[in-house]
Amino acid sequence: MSKTKIGIINVTGYAGVELARLLHQHPEVELTCVTGRSAAGQKLGAVFPHLSQIDLTVAAKLGEVDVAFSAMPHKESAEVILPLVKAGIKIVDISADFRLKDAGEYPRWYGFDHPAPELLSKAVYGLPELYRQQISSAQIVANPGCYPTAAILALAPAIKAGIIQPDIIIDSKSGVSGTGRSLSLTTHFSEVNEDVAAYALSGHRHLPEITQELKFLGLKEASVTFVPHLIPMTRGILTTAYASPVAGKIAGGEKGKTELRKLYLDFYQDEPFVSVTESPPHTKHTWGNNLCLIYPTIDGRTGRLIVISCLDNLVKGAAGQAIQNMNLMLGLPETTGLESIAIYP
Amino acid sequence: MSKTKIGIINVTGYAGVELARLLHQHPEVELTCVTGRSAAGQKLGAVFPHLSQIDLTVAAKLGEVDVAFSAMPHKESAEVILPLVKAGIKIVDISADFRLKDAGEYPRWYGFDHPAPELLSKAVYGLPELYRQQISSAQIVANPGCYPTAAILALAPAIKAGIIQPDIIIDSKSGVSGTGRSLSLTTHFSEVNEDVAAYALSGHRHLPEITQELKFLGLKEASVTFVPHLIPMTRGILTTAYASPVAGKIAGGEKGKTELRKLYLDFYQDEPFVSVTESPPHTKHTWGNNLCLIYPTIDGRTGRLIVISCLDNLVKGAAGQAIQNMNLMLGLPETTGLESIAIYP
Amino acid sequence: MSKTKIGIINVTGYAGVELARLLHQHPEVELTCVTGRSAAGQKLGAVFPHLSQIDLTVAAKLGEVDVAFSAMPHKESAEVILPLVKAGIKIVDISADFRLKDAGEYPRWYGFDHPAPELLSKAVYGLPELYRQQISSAQIVANPGCYPTAAILALAPAIKAGIIQPDIIIDSKSGVSGTGRSLSLTTHFSEVNEDVAAYALSGHRHLPEITQELKFLGLKEASVTFVPHLIPMTRGILTTAYASPVAGKIAGGEKGKTELRKLYLDFYQDEPFVSVTESPPHTKHTWGNNLCLIYPTIDGRTGRLIVISCLDNLVKGAAGQAIQNMNLMLGLPETTGLESIAIYP
Amino acid sequence: MSKTKIGIINVTGYAGVELARLLHQHPEVELTCVTGRSAAGQKLGAVFPHLSQIDLTVAAKLGEVDVAFSAMPHKESAEVILPLVKAGIKIVDISADFRLKDAGEYPRWYGFDHPAPELLSKAVYGLPELYRQQISSAQIVANPGCYPTAAILALAPAIKAGIIQPDIIIDSKSGVSGTGRSLSLTTHFSEVNEDVAAYALSGHRHLPEITQELKFLGLKEASVTFVPHLIPMTRGILTTAYASPVAGKIAGGEKGKTELRKLYLDFYQDEPFVSVTESPPHTKHTWGNNLCLIYPTIDGRTGRLIVISCLDNLVKGAAGQAIQNMNLMLGLPETTGLESIAIYP
């Protein structure tokens, strides 16, 4: 029996090549087509030497596939996806074009009117830890952003349990690959190396996505401050989330820490790609794999909850999670092709 | 007339060599003696080739000097300083041994009983922006920690003006040199490179120092959560501080941002080493010099104050500030020997 | 049928954990035992969080296994291996203890008398591209050093073809993980970051290993200068080798380049882990996998041969090649468990 | 008396801003004008925050100055310089436009016909260690390239003494800032970090410059192979040069090493910015200052000379050397404004 055919639209960014790497190594599907405008006509291995083992030529247009991953930029992604939806192809969209449920957010945060607002409710937000069931039967899965994946997984158990107040601070630190392969001074080695800075203080595009999901989890009047920082490394996001406890809902001191830890362990006990750690996690321990590590604790002096999460922004934060979603959509074991151990050091 | 004679006790750490670099280039003083146990008897340039221009031999014991900088570890620093105090020598202590006013904090945070609690009230906390007058006439100046310098300067104007509530979150990101030159897995290149993690979640030693000073600034019942993170760069600290506004004390929206910015500009208008920036600052813009850059803003959606500060942890966070203090103690212009521009890129 | 049982002696260095990562993912063998002195009694995942998926406790002593990898330091490795040899266990030794054929070299380069010189001729140098046949039937395989692997593979085709003179210069650039996980100022992040330097100019221990193999390949009176350099990255070795052509043996100009390239392509045409590239290779394109990339060319102005090779020092330069050897020793397809694509970026 | 007025043409590259930093701190001259096309009209500190202390607006056109530094790209530099030459202004050209004496080399290496070949013989190659006298009375000084500075200083004493043969290999490792501030994938953080590769194997533009100077030093039929490598750091060049000794001209073994070292010490004994080191030098020990460190030795096994040199490519390799030249041209002490110690770590 022939394997399920998979295509990648716009393979030439970092999410695209990471999809190619992982899909080529996936035992149950076959990567049959990759597209890319500037590279069309070239062998994939000529553009990306590390992919020389994949015998594909970059195409200008998607061929016949069963599942398509879109790694197009926002707005263009929706445009390329719409005809595929009509053709009945299953879609995992790496862009933000189907993440927000409220079409009115697109002009504000992304500067365009959504071309198919009626599809927003049909698309499923591709965070398997929250929407596994829906993903399994979805045609369009909106793969979450890297920051939102880390932030939502860090906060979900606490919000669901009703133990934190809606005032939440999310301080995130990201490696440079999260900003993509496009050229800008922001990603010039000499500018980033030996540097750290906050950015997007007037509002990062991942904020409405985070807020939407925290509300769905039960947070009323979410009052979220999100500050991303760029740090001199290639891969990895570490998020430190701060929240005030709801009085009477969680004990103080060591007892509270133990309760909190148990809450998180229970919440994620069956999750193959979330691990609740015993000490503050390191992004290095997720380098190249699909894990999200989470460490919940309580500040002994102030009673404040601190939850730290980390992941590889190109795997659990992009291509790996996309494949996790595809596995669910195809009825495959969720971990297929994603079992690899992080590469350390 | 001969120049003021300066000695460095324990030159062999990163703060020590940075003191040597800056003092050698200082036009009004003369570095006449450097000590160090393991390196005693060797030429300074043999141990640290970048200091070959300084013609000194590392001594086992301090010679005759007018001012001594102690870069000894805590506890040992107090021990070596006490006889110097009796001898009337002016001291700038880079260690934490004279930073905390309450002797009772030393056993708790540093694990030793302070040998001279009576001196704690005489020692002046060496943050010139807050204690310029007292530093000028002090015999012992306790040079602030790197994290506290960034945090206190970020928050001082807001606290003084009474516009923020006592619940404060300080999320700091530090380069590796802040943890010193001692060997540990934590500072092994292969472990730190391509990694970020939080540490000291049960309480970093710089927390009581920060809390003490925020209280002196007027914050009642300070409820400070401080989470330091180690990031893969050598120099630099960036601190992102979050606080809730006191109702009615600061406007919302753009008006509030403007008011806040004016408040900070006014507060620091005469400060030679604090610069209020127009956009989020980069540690790279302080690389090697004594500036602290501060960017205060208001989160438009939540009304929360966000203040970002950054500095070079070995200069304004250690050796540079120590020399700034020395200048004040000697009646020299405060900027003497500290005017150099940051090295970019 | 039960899988072949594998043990790792001294799992706690970088080669050891990389072996554990790769062996755990190997479909045909089972990692049943890992030893380590300091970590004995602890869960492997407690010492190395990225290995949490491996359910093993670090043992003080090796249990019953079919194949043992020794990642002990030199001298100690031979001591621990000798009883295993007697017990008939197959061994892949990551240390240098069985690499040199001449026992007299050990006192000179490694400072100890070899405890079992009679085994040196039985042990096979584990470079499958040169010794595939012998490895298949060996009991002891001496896994090559990281620098020698890159250097020998770069030069083998040219030497075999008799086209270069014996005066060879090998200029190598290595990431920091090659120096191991032990603590030293040399590997302190703040010392290595933003730095490059040559080291071991009076003779690196990998030199006799390189020279031995180049002679076996046919180089008479090998006159090799080898200068290793440490550069600020974690993984990767890049070697630039320079040699003068033998007159009349290779054309000049573009014709010579083409001939040379064909020579290399032919030599390595059946090799699964050597790839002759069309442009100067990047270590990044081997990050985490078992490939050695080689680019041979001729300096158009001087006629000199330049061959550049690169690999991941912990994979093809250590653990990956060790498993490649194990596959051969067990009669498994050579690429089993080693097919993964390099992780980029 | 008013200070000498200095202008920088095209301040917006890395060499340009480094000139601005150093000239602002120079006690004997005044930086009065900086030009730059894209940034014209903006405050220098708005474009480069680390230069906020310099109160200048970027101009579109050079104002009245006594000395002009051109940091324009090649070809454009000559065009902008020619009218200044006629106006009698002293020029230090950071570009390559006046480095090569043979106008015929420009079409071949730089792709343009030199607009003023008659000036090539009047321009002086700005390596003070070789051309101090001529620089003092020159109107146009051609500031050397970063690679040539390191390579020529490494080889000059040996060539002058006639102890090496003309077959020379120069293997250089450079930080990323050497390739400039322009955007390209080559300098994208995610591409350079954790990577090393050779480049320009078909001939780097600095090769004719190196060859020209080695010939002037007395090397007949120079047969130079030059291979530059890009490594993941911002500043610094390390060059490892290899050459065969002329029989009978230098002793072998330890005696030869001592003789060689003495030769180098003598050659550079009066040089303020060249230091002959006792062990292989680190680029880190020149970070931010104008030193070139040189370590000459002999490979004990092959008798081959190995000379390692390093410097900061933006200081001694560009802006610092340019100011050293300016000092000579103005009759100032050569070290004025360039005395600062390297910043470590």
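Labels A, B, C and D are assigned to the chains in the order they are written; within every chain, residues are numbered from 1.
Everything below uses one rule, namely that contacts are C-beta pairs under 8 Å (C-beta built on N, C-alpha and C of every residue); 3 or more make two chains touch, one makes a residue touch a chain.
Please read these numbers as outputs of a predicted model, since none were measured by experiment.
Enquirer: Would you mind telling me which chain pair, B-D or B-C, is linked by more contacting C-beta pairs?
Expert: Between B-C and B-D, contacts are more numerous in B-D.
Enquirer: Looking at C-alpha means, what's the farthest chain from chain D?
Expert: A
Enquirer: Could you state the distance in Å from the CA-based centre of chain B to that of chain C?
Expert: Centre separation, chain B to chain C: 46 Å.
Enquirer: Roughly how many whole angstrom separate the Cα centroids of chain C and chain D?
Expert: 38
Enquirer: Chain B to chain D: how many Å between their CA centres?
Expert: About 37 Å, centre to centre.
Enquirer: Identify all positions of chain B at which a residue touches two or more other chains, and write them in rising order.
Expert: Correct list: 14, 175, 177, 181, 190, 193-194, 232-235, 281-282, 284, 287, 345.
Enquirer: What part of chain B is in contact with chain C in the complex they form?
Expert: 14, 175-177, 181, 183-185, 187-190, 192-194, 232-234
Enquirer: Which of the residues in chain D come into contact with chain B in the complex?
Expert: Spelled out, the residues of chain D in touch with chain B are 14, 17, 21, 24-25, 48-54, 177, 181, 193-194, 234-235, 275, 277, 281-282, 284-288, 293, 339-345.
Enquirer: Within the complex, which stretch of chain B touches chain A?
Expert: 167, 169, 171, 173, 175, 190-191, 193-199, 201-203, 207, 223-225, 227, 229, 231-236, 238, 240, 242, 244, 280-284, 287, 297, 299-302, 304, 306, 308, 310, 345
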